[in-house]
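In what comes next, chain A is part of two complexes: it sits with chain B in the first one and with chain C in the second one.
Take a look at the complex of A and B:
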């Protein structure tokens, strides 16, 4: 019997195709999360009002920010989930090696982020529509966006989600190498926040948020996020080399 | 050509050695049985061959390369055990179709026929199957993949008697149609001895025997008779197994390397020479102490 010669890229594509179908549960949880977030958003993210004599007014602000926040957490958790044994071992029922497993996971997570980003944009509109119908408002004002602005907005959303996904993948891999990290990481994170806030001027989260959040140029944001994500993936791949492939 | 070659292979978990200094080679297109008791290291060895586990020391080569994390080995090897996990998002039929895309030699016709024969319903998912059905489904994938190295790790666990027989028959038929290297691990040798060509017997991670099945069948003989006579005759012979089976009557199993005269002598003092079933030979060779379980109660 002859030995089959296979190219890594061919197998990456096959694994990716397989994952799109076999990890379908990830997308159904995304839908649930978004519905939940949409309802939470119906309260509005801000409110102001005033009155003068017999005249009074209320202004409610509605935005998709909350939905994005929810989806970022979804991305983080999803990435952790696909690093668990149950998901990793699925790959080994068919042809693969560790590198291929990682690359097809990254491709899958990219697609999931893209899909999530687009749906965040759509559901933030759904949220505004619902507000009109449910909340008996007299008037609604919206930002008019051009196609390029929409595309920029969606791309930035996708990038932010992808950033959280990469962090999740790294954290998940750490936990797979040693269970202790599932305890150390939250403790370390919250500990740092507390230490940071001891002197009444917290800077840690602010610096991170400023680094990614206030970038006006999409290309620069792209470079920043892809570089940081790549770093997380490289670290995840390196630490996974300490493990057995499948036990 | 050698498909699998191990030289002084060792796998350590902490201080315990699951596999200890194991050396053997498996040549191409043979069915080898890996026989050993629970915890002998069968699964560890197979997982190292399949490239799932890293070896601690020594050398292991499959198709001429180190199998750990190797794409070449993964593409040409299939490892079937009951730990195989499949996504529950795909139906059984879709899983077969996915497998078809991955394995270049995949025989879809055979897969579908077997699928039909064992009356799987195509819309079920893998998690809904019972243990025996899971084993049967995994076996279908293992056979249809037609990988140059096919490894079955206790493939029949959970299967009923009928399915077991069908499985071994299917394995043999498909092997004849498309010869390949097959490793079959089992602790029940009587079930598989008819289809095996070679047997690799391991105990505590070490190799006891690696012989063709015919030689294993004639590896040992049993001697039965009065305990004293037996003891006297056996003075200089190291028994593989010895047991008291009745009042003043003992049964001993020894290596089949006695001369004819010695056996004649044995018969002369009232001892009986009997053949030993292959299964018993394996049990005695791999048992922890020479007296077997009786030692615990005496």
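Take a look at the complex of A and C:
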């Protein structure tokens, strides 16, 4: 019997609010990464050309692809950083346990993914504007997206970032259990890529990317990404139970 | 070296995220609140992005591609239909061209000779199939028509931009001269693959830059008694 009963959910909310304030550096690094990606994108993300008899054409492409790719890597690394000792031990300013700490982390990473996803869409337009002003690119053709299409695109962007964040969280937790994983994971990943490409027909990354990228229904993409992310988070939580208790 | 260049952006991201993240966390520990300057930077950047997006949609709306662009399936269908019709014509039967080929220009030449040669000497970098139909009577007129299929570059129709060949008849020779060359440069913008995935049904890997170069042919209707020589195919019209 206590004077004030505090539910776990209340602590999760408190920790989440605390993390939004104290992990603010995550958003600063996002800004730097996006500015960098925007400038890289200013050179265009592709070009094609051809001719047919007396007709020839050149097409330059500007897109938010590079910005999204950079932000997905940002999400991955950010999630790893959050699992480090310095960040984890900070949670003990509150009455807490590991589960509460994980849930508040996941909530924070969700919010970070949401903010990042929205700003990816916005910064692709900053890139377009800079292309018009700085690179003097005229006559840019673009798809006129409806509000629904914009919302779908932003949602998909957020989901892709969240997927990378969940992988990062899992990887980070593995490294926290044993430092050896910080060496084994990149070596294993590159090793798999090399093995996969030995027969000049790499399929590993393509198969994974197609599993998500070929999905034409947002609902199904949502189900796929949330399921895979949940799996990574559950694994991360289970792994963290093997870690030593803070004394 | 190439590997280093491709890995460089990832290394930069890792260094930046780790550096800024660690710095921000340490400074937070000292002051127990996020540095005011960081809030201003993030807030200012977000406002800048909103303003840029509003400007992008309002003052620089871009040329919409929606109304004139074709999907990959549509382009594939157009290309297959063009090829099918040309092949049928090469085998002697020209089907109705409705919707697949458009008659762009017609010429008429009064002609009283008995022989006609189709010249190809001036056709630099230009080749159009020539199909010849023998008219049922000797009306003393050669009718020529230029038919053009859709020319689509990266989903956008450029058929109207393409110039027409020049045709004339001199001393029992029909000459086809190449049209003036034209070069088209344009820029396409997309918000990213996550947007394309749900807007035009393009998956991550099927976002190919599809084009169809547009077949064309010249149809000649010659008087019954005129004998034609040169590079051409006789056809019957359906």
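Everything that follows uses one rule, which is that the second predicted complex is superposed on the first by the 230 of 247 C-alpha atoms of A that agree within 3 Å, B and C clash if a C-alpha of one lies under 4 Å from a C-alpha of the other, contacts with A are read in each partner's own complex, and residues count from 1 in each chain.
Basically, a contact is a pair of C-beta atoms (placed from the backbone, for glycine too) under 8 Å apart; a residue touches a chain by one contact, two chains touch by 3 or more.
Just so it is clear, the structure is predicted and the values come from calculations on it, not from any experiment.
Chemist: In the superposed arrangement, which partner chain does A:57 touch: chain B (first), chain C (second), both, or neither?
Modeler: A:57 contacts chain C only, not chain B.
Chemist: Tell me the contact category for A:216 with respect to chain B and chain C: first, second, both or neither.
Modeler: Only chain C is touched by A:216; chain B is not.
Chemist: For A:23, select first, second, both or neither according to whether it touches chain B, chain C, the two together, or no partner.
Modeler: both
Chemist: Looking at A:86, would you say it contacts chain B, chain C, both, or neither? Reply first, second, both or neither.
Modeler: Both partners, chain B and chain C.
Chemist: Output check: A:120 vs chain B and chain C. Expected answer is one of first, second, both, neither. What do you get?
Modeler: The second partner, chain C, only.
Chemist: Thinking of the overlay built on chain A, is A:188 touched by chain B (first), by chain C (second), by both, or by neither?
Modeler: neither
Chemist: Between chain B and chain C, which one contacts more residues of chain A in the superposed model?
Modeler: C
Chemist: Once the structures are superposed on A, label A:32 by its partner contacts, choosing first (chain B), second (chain C), both or neither.
Modeler: The second partner, chain C, only.
Chemist: Which parts of chain A are in contact with chain B and also with chain C?
Modeler: Touching chain B in the first complex and chain C in the second, residues 21-25, 86, 90 of chain A appear in both lists.
Chemist: Name, in rising order, each residue of chain B that touches chain A in their complex.
Modeler: 28-29, 47, 51-54, 63, 68-72, 74-76, 83-87, 89-90, 94, 98-99, 101-105, 141, 146, 148, 178-180
Chemist: Under the touch definition given earlier, write down the residues of chain C that touch chain A in their complex.
Modeler: Per the touch definition, chain C meets chain A at residues 9-10, 12-14, 16-25, 27-29, 32-35, 38-39, 41-42, 45-46, 48-50, 52-53, 55-57, 60-66, 69, 125-127, 151, 153-154, 156, 158, 161-163, 178-195, 197-201, 203-206, 209, 211, 213-214.
Chemist: Under the stated contact criterion, what part of chain A meets chain C in this complex?
Modeler: 21-36, 40, 44, 46, 48, 50, 52-65, 67-68, 70, 73-74, 77-78, 81, 86-87, 90, 119-126, 128-129, 131-132, 137-145, 149-150, 152-153, 156-157, 160, 206, 209-210, 212-216, 218, 221
Chemist: Quick one: which bits of chain A touch chain B in the complex? Just the residue numbers, please.
Modeler: Residues 1-6, 8, 11, 14, 17-18, 21-25, 86, 89-90, 92-98, 100, 244-247.
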